[in-house]
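Please find the structures below.
Two complexes come next, and they have one chain in common, subunit A, joined by subunit B in the first and subunit C in the second.
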Partner chain A sequence: MPKIQIVGRSYPQIDGMEKATGRTRFASDIKLAGMLHARVLRSPYPHARILNIDTSRAKALPGVKAVVTYADTPGIKFGPRSDDWTIFADDKVRFCGDEVAAVAAVDEDTAEEALELIRVEYEELPFVESPLEALKPGAPLVHEDHPGNVAAEFKVEAGDVDRALANSHVVCEESFYTNQTYQAYLEPMGAVADVDLAGRITLYAGNQIPSMIRVPYAKALGLTLDQVRVVLPDYGGGFGAKMETNTHLVAMLLAQKTGRPVRHFNTRHDDFIAGNPRVPMYIDIKLGADKEGVITGKEVKVIGDAGARIVYSQIIVATACYRVDSLYRFKNVRAKGITAYTNTVPTSCFRGFGNTQATFVLESAMDILAHKLGMDPAEMRVKNSIGPDSVSVHGWKINSCGLKECVEEATKMSGWAEKKAKKRPLKGIGLSCCNHVSGNRAFAREFDGGAGIVRIGRDGRISVYHGESDMGQGQKTVYAQIAAETLGVPLDWVSVMQVDTDISPWGFGSFATRGTLMGGNGVLAASKDAFIKLAQVAADMMESNVDDVVCEGGRFYVKGSPDKSLDFKEVALNATDSNHGSPVMGTGFYDPPTVLPDPKTKQGNISPAYPFGCQIAEVEVDPTTGKVTVTNFVAAHDVGRAINPMALEGQIQGGVAQGLGWTLMENMVTNKGKVANANFLDYLIPTALDMPPVEPKLIEPYEPNGPYGAKGIGEPAINPTMSAITNAIYDATGVRITELPVSPEKLLAEMEKLKGSHEG
Partner chain B sequence: MKIPIEFVVNGEPQALFVKPNHTLLDVLRDDLGLLGAKKGCGEGKCGTCTVIMDGKPVNSCLILAPRADGSDIITVEGLADGEPHPMQKAFVEQGAVQCGFCTPGMIMTACALLDEKSDPSEEEIRLALSGNLCRCTGYAKIVEAVQVCAQRIQQDKGA
Partner chain C sequence: MPTPRFTFHQPQNLEQALDLVGMYRTNGKILAGGTDLVPKLRAGLMDVHHVVSLNRVPGLNRITFHEDDGLVIGAGARLADVALNPEVMKHYPGLAHACSVMATTQIRNMGTVAGNIVNSAPSADTAAPLLAYKAAVILVERGGRRHVPLTEFFSGPGLNVMEPMEIMEAIRVPSPPRRSGSAYLRLSARSKVDIAAVGVAGFLALDMDGVIIEARLALAAVAPTPLRCPEAEAMLAGQKPDPQLLTRAAAACVRACRPIDDVRATAAYRRKMVQVLAGRVIEQCYQTAERGDA
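Up next is the complex of A and B:
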């Protein structure tokens, strides 16, 4: 085999210059001939019965082409994982922002004006904002068919937790709360829907799961799966939020009613109040260790807030219950998770998928135990670290694992030992580790894996088709690198095609840090298939055996004789002509060795590969204001073999920024059932001024299940950030943060309390 | 109902009739088909709509279209002069582009900064870019790209 040339090198995104010159057509840039514009009327109440909707005046407004409500839908209940959705509110609204009616008009001004002409009579109902309140007897019911507002329950147990905790030398028992945050991708959610004469809908939507969204959407509209086609344009970020949303269905329904293309994008305000923000969680933990700092047992209770309907919150709560158990050599664990309905915005995926919340809690508890034991928190992590070629308490098979190396590198880079030894007033350093997955079998139930198609045209141009989603992370570039490497051609001979469900393979999409491993393995398999087919033609042309043929830099040659070579493009031309115009088509798939967890024992193996990481934060606390400044940050991540180091660094730096924002700034505030800060003026995310230097470090153990040895990075990049910062705050002030975010007022009050207790 | 305005966009004079409630961003995107400037929030907080107006970076979503009368506008489409602008090259090469939705606005702000000050400090770069949100990159590679571009322009001047 020729030496690896393209995989492992930093390349700019293959379409980066299109983006930098403003040529990229994002989802919200799409304009179709005759396109109408839609706006949605949303509920102003968290919980109310709809007595009457009068749309007559709106319908009469010139320029309005359709006004729709629940009565105009097939009335089918649907949902990604539960049948608790309707396209518009049925007999009652369940949160402020719930869809009540929508208008399609010739322009946005007219659609907006029409909304004001719709009259809705409501009867306000008692509502419930908090999952703790929702679970109390007698609480108002969000869905009448879900008594007690329990949306889902999850239990997992392994070993003997009670005995382990009873026999522990130290136990940390603490309650934590992680708040609601907003993904804040810069392009709001939305879509353009078009319909043909046969009633088949094409949806142009910036979306992480272009194949999967078809299933609930087809059901909602009473269509068969083949009647919903999804085309995936470039789009401005997702971070977990851009999955199923009624925002798309509004456009689809209005396209059906008008027979014209309909554009519907959330305003930023609507995106805040009716997007898919992070699942808030109350997490109680008991974590024990022996004298040596070896973890004995862990018990966790999680109460998560689903909001008014389930998107993926119940799987997120389940993930928070046990994914983190594969970070250390746990033997005794027990967790119980309850997902509760409330009259608030439905919550869902946000980078980390419950493992962020759980990591914040576990890694805070680890810090508490290390201090109780007088042990170096870094040493305690290394001591308990799961290792390569091991099996976790839930049966997960860890192949590659660079966790210890991550801790070693991060501590070295940050000068950990020195800074930890020297107590500096109001300055602190904190450490946190993390694990994650590269694909989630518990999420992709029908089958697991990824597929690709590689087409080599008569001109030698290579087109790669995949079914995942590039939301900006650079997935297309990674696929191009894998194909170019496998085929032995320069990178710029490869195009990675837009996902079109009429053409592309069925892919589960980009979530669960699965794009590079699952989709990449699919593209790899298809590239190998195409290579063999073309190499056979080259072998025939060179009167050689196909097994002896290699390709390097776009030239085929027989091993050992690189001087006598054939142009790849000439071979492609020959191959197509001898097949009367049929291009060389490589197809392939990846069937990962994952095991769906047993419903009872939860034993399984949810991912073919597990990434790890260690992050260290340094902070300074202003004693007069309580303001925390992160002054330095290092992030060492086990990514398997890096395919594109620069892209990986960008993922890490971006993940840390989101984690820093969550820890210190970001909080969706709900007041009387309404999101009180639904705009970028009141909901602040980090700017260039808020970010310290973030130094990434790639740890690269070869992962046998990864394409060219690679694992994923998307979510692990944020998992440890919150606890790295809050552990640093503890180091600086002695205040243990148990609730996110850390506001200056709260921290100052806690510092005053501590001072008081010391003086007293 | 509509108001006549005349202005110059990327060097080309334009005479248009605009709705008085429309913004410069609406006019650029809907009337002139210049889709490089984006609508990320519509309230002047995200910076994705940044264009250069009479030499200064502005949030085009906050400028009512009639106010653009008589102005000189440069959008991201007007930066490339046959080949991409050095700032565009630096952004791509340094990995400062992820989803790319903030990129046009970010580049316009960065270009305006270097027009004003050819060798800004890192702090000055961060301050200048603080009105442009990016949710993907954590800003590290964006700041590097601006620094690289500034150095290259300096070197070209020196050569």
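Up next is the complex of A and C:
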């Protein structure tokens, strides 16, 4: 084989220039002839019975083409992993922002005006804002068919936790809370829907699961799967939020009613109040260790807030219960998770998928134990670190694992040992590790994997088709690199095609840090298939054996004699001509060795590979204002073999920025059932000016299940950030942060309490 | 909310502008940088049919300084221009600082000091330093002109004493005496690009022995309007600062404020931060005043 040339090299995103120069047409730029514009009327109350809706005046407004409510829908209950959704509120609204009615009109202004003409009579009902309140006896019910507001429960147990904790030398017992945060992608959710005369819908929607999203949508509209086609334009970010949403269904329903294309995008305000923010969680942990700092046992109880309907919150709570158990060599673990309904915005996926919340808690507890034992927190991590070629307490098979190397590199880069030894007042350094997955079998249940199609045209142009979703993270570039590497051609000969469910393979999509490994393996398999087919033609042309033919830099030659070579494009031309126009088509798939967890024991193996990481934060605290400044940050991540180091580094820096925002400022505030800060003036995210230098380091053990040895980075990039910062705050001030975010006010109060207790 | 529709007027001189403002006094609004006005229009917070832009009126963007007359900031002067003006930086560092840290680069390039004052937000960043500098505003209307000291200008959140036919022409700031010092400090949840949760401005003038002749302190974001702190000022006058005096004067500032709880901070935290920032501001003013070159 020729040596690896394109994989492992830093390339700017192949679509980066188009985006940077404003040429990319994003989802919200799509305009179809005759297109109507939709607006949604949302509930002003967190919980109310709908007594009457009068749409007559709105319908009479010139320019209005349709006004729809629940009565205009098939009335089918549906949901991604539940059946608690309706397209519009049925008999009652369940959160402020719940969809009540929608208008399609010739322009947005007319649609907006029409909304103001819809009269809705409500009877306000008592509501619950917090999952703890919701679970109390007698709390108002969000869904009458879910007594106690329990949306889901999850239990997992392995080993003997009670004995392990009883026999521990030290035990940390602490309660944590992680708040609600908003994904704050650049482009709000939305879609353009188009219906043909046969009633078949084409949905142009920026979303992370273009194939899967069709299933609940078809059900909701009473259609068969083949009647819903999804086309995936370029779109402005997702971070987990852009999965199923009524925002899309509103456009689809209105397109059906009017027979015209309908565009519906959330305003930023609507996106805040009715998007899919992070699942807030109350997490209680008991973590024990022996004298040497070896973990003995762990018990957690998680209460997660689903909001008014389930998007993916119950799987996220389950993830928070046990995914982090593959970070260390746990033997005795027990977890219980409850997902509760409340009258608040439905919550869902956000980079980290519950493992962020759990990592914040576990890595805070590890820090507490290390201090109790008088042990270096870094040493304690290394001591417990799960190793390569090992099996976790839940049966997960860890192949490659560079966790120890991550800790070693991060501590070296940050000067950890010296800084720990020479403690300076109000300055602190903190460390946190993480693990994650590259795919989630518990999520993709029917089958798991990835598939690709590689088409080589008569002109030699290579088109790669996949079913995943590039929301800006760089997936297209990675797929182009894999295809170019496998075929032996320059990178710019490859186009990565828009996902169109009429053409592309079925892919599960972009979540669970699975794009590179699953989709990449699919593209790799298809590229190999295409290569063999084309190499056969080249072999025939060179009168040689196909096994002896290689391609490098766009030229085929027989091993050992590179000077006698054939142009790839000439071979492609020949191949197509001899097939009377049929292009060379490579198809292939990847069947990962994952195991669906046993419903009872939860033993399984949810991912073919597991990435790891270690981040170290340095902070400075102002003792009079409580303000925290993060002054330096290093992030070492085991990503398997890097396919595009530049893109990986970008992901790491972005993850740290998002985690820093969560730790220090991001907070959706709900007041009397309403989001009180549904705009970027009051909901703060970090700007470039808030960021310290972030130094990424790639640790690259070869992952046997990854394409060219690669794993993934999307979610691990944020998982350890919160606890790295809060552990540094502890180092600086002695204050243990158990609730996010850390406002200056909160930290100042805690510092004063601490001072009081020392003096008193 | 449908996009608001209005007629956009671009008068070529102040007279035309005054005519238009008089004509549309019930349903018109003046536009300078538009960074407060446009978001409010879009949010449907006002019923406006006519927008009168001051951006074509010549001379409005002037920034002039004379030792005797002090500083004149024309109503069209952009925040960024004020922030970078050498005279403002030298003689009014508190104002220069406010104009350079508030909002964002883009907003500072569009927004004006006059707009910030007329908008009269409790958290207006230029208000506290201008109060501390004893600024006055010049208001003109058809056939009239009046000077209003800034201390008498604000009347509530978003409210002030201006009449609907009036235009703010300029802001006048007296020249600071030789041995004086001034400063502005603000605190917000995000260190950059955020509305202030607390702002404190100060001005101190000293005699040759370092005794404070005159003290002026002003607060923003902690009451329905930006305001001065007469009690604290009186405490400082005739004194040389020591740590105890600083603490007491800062405590008097805390007594002057009437903060509320909002998403940025609680009232209790705001009070605490007034204490912290006021102490720092007084100290900083004193140090620069002692150097005597201001």
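Criterion: the second predicted complex is superposed on the first by the 760 of 760 C-alpha atoms of A that agree within 3 Å, B and C clash if a C-alpha of one lies under 4 Å from a C-alpha of the other, contacts with A are read in each partner's own complex, and residues count from 1 in each chain.
FYI, contacts are C-beta pairs under 8 Å (C-beta built on N, C-alpha and C of every residue); 3 or more make two chains touch, one makes a residue touch a chain.
Since this is a predicted model, take the numbers as computed values, not measurements.
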Based on the superposed arrangement, let me know which partner A:Phe239 touches: subunit B (first), subunit C (second), both, or neither?
first
Is A:Phe350 touching anything from subunit B or subunit C once the two structures are fitted on A? First, second, both or neither.
neither
Contacts for A:Phe330 in the overlay, against subunit B (first) and subunit C (second): which applies, first, second, both or neither?
neither
I'd like to know which partner A:Leu186 touches here: subunit B for first, subunit C for second, both or neither.
first
With both complexes overlaid on chain A, does A:Glu745 touch subunit B (first), subunit C (second), both or neither?
second
Partner chain(s) touched by A:Thr629 [first = subunit B, second = subunit C, both, neither]:
second
Once the shared chain is lined up, is A:Tyr610 touching subunit B (first), subunit C (second), both, or neither of them?
neither
Larger contact residue set on subunit A - subunit B or subunit C:
B
So which bits of subunit A does subunit B touch that subunit C touches too?
109, 681, 686-687, 689
Going by the contact rule at the top, pick out the subunit B residues touching subunit A in the complex.
19, 21, 34-43, 45-46, 48, 75-77, 79-80, 84, 88-89, 91-93, 95, 97-104, 107, 125-127, 129-143
Within the complex, subunit A is touched by subunit C residues 1-3, 187, 189-195, 263-266, 269, 272-273, 276
Spell out the part of subunit A that touches subunit B in their complex, as residue ranges.
10, 12-13, 16-26, 28-29, 109, 183-188, 234-237, 239, 267-268, 471-474, 646-647, 649-650, 653-658, 679-681, 685-689, 691, 693-694
Contact set on subunit A toward subunit C in their complex
108-110, 112-113, 624-625, 627, 629, 665, 669, 676-677, 681-682, 684, 686-687, 689-690, 743-745, 748
